[in-house]
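Structure incoming, see below.
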Amino acid sequence: MSKEALVEVKNLQTYFYTEEGVVKAVDGVDYEIYPGETLGIVGESGCGKSVTSLSIMRLVESPPGKIEGGVINFQGKDLTKLSEKEMRKIRGNDISMIFQEPMTSLNPVYTVGDQIIEAIMLHKGVKRKEARQQAIEMLQKVGIPLPEQRVDEYPHQLSGGMRQRVMIAMALSCDPQLLIADEPTTALDVTIQAQILELMNSLKESYGMAIMMITHDLGVIAEVSDRVAVMYAGKVVEYTDVDSLFEDPKHPYTWGLMNSIPKLDKDVERLEAIPGSVPSPLNFPEGCKFNTRCPLAEGKCFTDEPELIDAEAGHKVRCWRYKDLEDIKARGERIYADQGVKE
Amino acid sequence: MIAYIIRRLLILPVILFGVSLLIFSMIMMLGPYQRLSTYITDPAQLKGVDDVELLIAKYGLDDPWYQQYGRWIGGVLTGDFGWSESAGAPVTKAIAERFPATIELALLSLIPVILGGVVLGVISAVHHNKIIDHTIRIFAVIGWSFPSFVFGLLVLMIFYGVLGWLPPGRLSNWATEIVRSADFINYTGLYILDGILNLNFSIVLDAIRHLIAPVITISILWWAFILRITRSNMLETLRKDYIRTARAKGLADNIVVYKHAVRNALIPVVTVAGQMVLGLAGGLVIVESIFNIRGLGQFMANAAQQLDYPGVLGGALYFGFLLILINLLVDVSYAVIDPRIRLE
Amino acid sequence: MEWQEVLKRLIQNKISLLGILIILFFVILAVFAPFIAPPRDADEPYMIPRAGWTIEPQAPSNEHIFGTTESQYDIFYGIVWGTRTAFRIGLIVVGISSSFGIILGTIAAYYGGWIDELLMRITDIFMSIPFIIATIVLVTILGQGITNVMIALITFSWMSTARLMRSQVLSVKEDEFVQAAIALGANDFRIIFRHIILNTIFPVVIQASMRMGSMVITASTLSFLGVGAPEGYADWGQMISFARNWILGIEGDPLHYWYTLVIPGIAITLFCLSWNLIGDAFRDILDPKLN
Amino acid sequence: MKRSLVFLFTLFLVISLFSVAGAQDVNNPDTMVEVNMGTINSLDPHFQYDTASAEVVDNVYENLIMFDKGDINTFLPLLATEVPTKENNLIRDNGTTYEFPIREGVTFQNGNPLTPEDVKYSFLRALIQDRDGGPVWMIYEPLFQKGSLGGVVKEVLGEEKNPKDLTAAESEEVYAYLEKAIEVTDNSVIFHLPKAYPPFLSIIVKGNGLGAILDKEWTIAQGGWDGQADSIAKYTNPTKEEDPLFSTMNGTGPYQLVEWVNGEEIVMSRNDNYWREPASIKKVIIKLVNEWSTRKLMLQRGDADIVYVDKQYLSQVENMDGVKVITGLPNIYMGVGLMNYNIVTEGNPDVHSGKLDGNGIPGNFFSDIDVRKGFLYSMNYDAFVNDVLEGDGQQGKGPIPEPLMGYQPDSMTYNFDLDKAKEHFEKAFGGELWDKGFELTILYNTGNDVRKSAADMIKYYVEQINPKFKINVRGIQWASYLDKLIAHKFTLGFIAWGADYADPHNFVVPFVSSDGTYGGFKGEDYAKFAQKNVDPLIEKGISSTDPAEREDIYRQIQKQAYDNATDIYLYQPTAQVIMRDWVKGWYYDPIRDPGQYFYDLSK
């Protein structure tokens, strides 16, 4: 794709300075988001995917957090350089965000209306009365029944799904170019998840905005994203479009992730999973950060950190041995131990 | 909510009954001779007594306790709280006379407590672990550790003894003259208020001048208490998702803090108000005796020391009643700021 | 969090370290009192010896480094032995009333139902009388003396712990491990002790350390109002009450008798401060909200 | 927020500075402000029995006669036109009849004229009301040789009966008996005494509320005694709240009550149609402030004209400019260490083992004269007077204080002498006490520093005499102290007696008579001794009308007390008065002290 990127993140580094030491939550992340597309960011919890998004919003708690380096280009501005004041103009206006916990993401002591109106009045500088009208329309758009009535209700009077819709309504109320959705469906039960994703897709179409979809759930990725960045231990380990990722994962980690979810379309007799767990950010290993869990790790992997390289056109991977992985896949072998038999 | 309030109101008499029984039974631990001391306050007064037993009979001091209690409670039910020997007046009158002084003091004390407590609490939470936070907290702990009688005496020593600024009592002589004079109408008994209502501002200033020291002395304890709670709740609230949401909306920090955070943080603070009122009551005893303010605290302390049980009981019931009432108010205001409660 | 961890943090935290040091100082004072300030009458060391019969306080001098109060009670002696009094009151009162509160609170919460209702109403009743007033009445009835003061303080100070404990237990009660224990049919006492109290004790400890100070203050307040320790008993509050009539000094020198107020005042304030500093730090360390 | 707080603060302080300046110059010459301690008990002259109340009564109500500016040996007429004497034959029938011609043209503050009937009514009302613990016993003795209405009832009905239970008929009998004593002729009132009673005039003199004259009509209107014979039961021995005159006044005096805020202040204004020259001070305010520092500052800033100052704080007011400090005023008052000859030992921790075994004392510890003398010699009288009383007082010479009849500056007293004390302790209980030693507890009522100092002294010195002697000093609440006294459980206790009227009789009876207010608590052995050696003397002393003879009798009583070491006559304090130097016309009246008679004062 050769369009002009909407957001361009280059070598982003966000560190947390804690009593125990420096946590490099995000350590040199690069990716772009193009207008109207959906970029999926996937990874286990603690891999730094939420922090990247917060970095874009400049909402990283500081102290202890701090953006140590890198560039975030948005409409020709480097967000990392903007003043807090300029940044506020962008938040909720050009870039807005919805969070994982619809239960706690709304202020319990104000009506949902108030909370949407607040944003509209702030960014569109319209009268309260008109803002209220728009709020009601938004609620309408996100499919909340009887919006005129709901607008005056308090969050605790709404169901989880409803609240997430309210969050979306709030986020879109100033029709932003980028919507960052941080695990928007995780806390919801499956049927609602589908609805919300459905809703987001349709809204994306009608608003022509870009979405940055952060999730640990490949299913979600498959459903909504155009391109995907897989993150591990604060770094992007694989970065490509959604099809080639699922067709031909090039990083052992991605491979592991995929095999750890049972696929319902074809029946597999074995289910594989990645052994061990994400190393503590305080003591990442030398060399490739995945080497503690990677069955292919050897020599070099333990000494030198691999670069994010183009394995194919538009398919980047950060691994010394992705070629060997190709062969293994070709041979139809497995690299991970059994996780149990499934009939 | 309503049901809850009603339940509280139903409990009220039970509690008050319990309170009176508790105090009464304590005082009944004493023999009649000892309780006679309420009426003979000095050995010289034995002069005219040629038969102690007569005196005891006269006040029914050797009747069985339930009879004496019955007499008292019977009176209460007919609105007669008995005669307070320590005040030399009917209990109801004694309390009525002293109530304004105390309420004026208590209400004024709330100002520094709220300002000092809530505001500083918020500030120190917002600047969590910065210098200002630490300074505020150090002062809070010191304030919390300062016995009010030590602090009060220090204030008296410096601001009255050395500087002559903040005198004890409620008013200066010349002001008392005016207040007692016919053309000054005592609407409320709160001198500041009455002064304003009578458009006599020299009275207002004088009253304020006399109130500064006691007010500071009382609040030194409680602003620290409130600050503690405000701060920790504020810290908790500031970590809430909806605060992040508000930021993500692009709201300015002070709006985020003062609109979205404070209101949530204050909910738990409100609930301790009742506890604080009790504490204030205690503080009043000391402060009123140090600064020579003729109020309820002083009255109850005297009554207690003179074993004047109608006095103590009356006072205690009064406080108990007030307390429960205030707790009700607290619950209501609680509901007002927290829709989750209101709409249940 | 483990005890060792907590203690480690207490030492690391500058503020609580300060508190601990002050307390250590007082402990030393208390322990070595007989050597620091040898009593004149070994049978009743707590009675401050009188350095003469005049009423007017004497300024600090070589034989009375802190001076003497009204009626010639040696301030230095009073401070030193008063430390013991303070510790006695603090530890005993807080100890007993807290354990009492823990037991009641736990029972109320664990058994619930009418037991809970009853206990809580009783708590309400005790709580509806202003603390200081209640204690004044009781001490006046029992008569002066530290023991009676302590009895009075205990009688009217267990409620807050009881309430705190109750809420704590109620929250833990539903936890899986407790439910499991109940399911396994462990006996109530064992459950309450092993599984509940041990898991809810920290907030109570914080509260207790905070109350050390306030109890000592209340005791002194009683002495100050003249119903606490008997005249001449080594008690800080009483020494301050001795100062009461002298704080305005003499003609032309308002601070003439400063030492009668300032010295005991510092002692008692420091004592309470140290406990609160520790309690404060304690709370920060253990308060999950703040970590 | 914080800044605004600070600002508010400074603002207040500035304001206060101003108003201090403002407050200073306000103290007008027409008003007299006195600041006292304690509380006013009652405004009913026949009910009140404490100095604070007496002062108010003394300025509003008036008696038949008064002292000449505090000279307790010269009387002047007041509501009577003449002071009864043998010479003017108004005292007749060798001292059993007193006649008082009543002044005409005197009106009460409500306008009613004063009549002899009012006088009679007033005394009868006092006699009938006779509340327990009240002052009325003082006139029962001269008028009926009894101690109270109860005594009269017994006399009349021949049986014990609580006056409150009298039937109408009985009431009339008793009333008739009372009424006989007071007779009204057209313009004078005559008292009939069963036998001569020299102190009679000193009892009903101004300064003693029980002799105050009420307005009959007004008192009845207030709901006081209705003047009927059959209603004694209804009106006798009221509680404070039942007493209709508790908080309202109407006298013939120079001042009238304006407002009484109990426990805080009482305001009186000048009675402009007073039968004498109206007073020069228009308004009198008596404030009651227990906190010394407050009283002190009111004096300092001239807010107060006369202030009560405890001895120990004199040093703080000396050389305060604009302030007059008058000390060394003889106070007719005696502070005494009472020794209980027969201590009730059952359930009495203060006697410890309760036996003569070195771990306690036997009940009859103090009936051994050598024990008593031992204690008397162990008291450091000089140190007590010089240090504790700061020199304002003298060692007591016996039950009778200066300047009453029977007091001699040179009479024998015990002095501080540990060797003599040792001698006597060695002799006590045949030497057994010395070998075994003893332990006892001396109580004092908490808050009374002077008494504590006395007890501490005894402990300090007695324990030096013999290591086996152990004394504990314990303070107890007044309530328990009273209990101990009444239950005969006290061991050695310090108490005091202030004059009700200026006559030695008022001191010897309470201290040394077998059934005196304090004598009565000293136990069997003492009673026996007193009945034999003291009571007869007292009897003679009170029935003789010859001053010389009385003088001699009272000296004998003093000597009895000395020889038998009956009590520790510790100290007779001197009074002091502190006032702004612009107060004029002040003089000392030992009976009224510490109260003031504002009629004679000016600014």
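When the chains are written out, they are named A, B, C and D in that same order, and each has its own residue count from 1.
Basically, a residue touches a chain if its C-beta (ideal position, glycine included) is under 8 Å from a C-beta of that chain, and two chains touch if they have at least 3 such contacts.
This is a predicted model, so every value here is computed, not measured.
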{"item": "Per-chain Cα centre nearest the global Cα centre, belonging to chain", "value": "B"}
{"item": "Selected interface, A-B versus B-C, where C-beta contact pairs are more numerous", "value": "B-C"}
{"item": "Where subunit A and subunit D are represented by their mean Cα positions, the distance between them in whole Å", "value": "93"}
{"item": "Centre-of-Cα separation between subunit C and subunit B, whole angstrom", "value": "22"}
{"item": "Between subunit B and subunit A, distance of the C-alpha-averaged centres to the nearest whole Å", "value": "55"}
{"item": "In subunit D, residues with contacts to at least two other chains", "value": "293, 297, 477, 479-480"}
{"item": "Per-residue overlap in subunit B, given as positions that touch at least 2 other chains", "value": "30, 156, 160-161, 289, 307"}
{"item": "Subunit C - residues contacting subunit D, complex", "value": "43-44, 50, 52-56, 70-71, 140, 143-144, 226-227, 230-232, 244-251"}
{"item": "Footprint of subunit C on subunit D - complex, ascending", "value": "292-293, 296-297, 311-313, 315-321, 380, 383-384, 387-388, 390, 446-447, 449, 452-453, 456-457, 460, 470, 472, 474-477, 479-480"}
{"item": "Residue ranges of subunit A touching subunit B (in the complex, touch as defined)", "value": "57, 59, 63, 84, 88-93, 96-97, 99, 101, 104-110, 115, 118-119, 122-123, 154, 156-157, 167, 170"}
{"item": "Complex contact set, residues of subunit D against subunit B", "value": "1-2, 5, 12-13, 15-20, 22-23, 26-27, 33, 39-42, 49-50, 131-137, 147-148, 150-151, 162, 164, 237, 239-241, 259, 261-265, 267, 285, 289-291, 293-294, 297-298, 301, 303, 445, 477-483, 485-487, 495-498, 500, 510, 517-518"}
{"item": "Complex interface listing, subunit C residues touching subunit B", "value": "15, 121-122, 124-134, 136-138, 140-141, 213, 217, 220-221, 224-227, 237, 240, 243-244, 247-249, 254-255, 258, 261-262, 264-265, 268-269, 272-273, 275-277, 280, 283, 287, 289-290"}
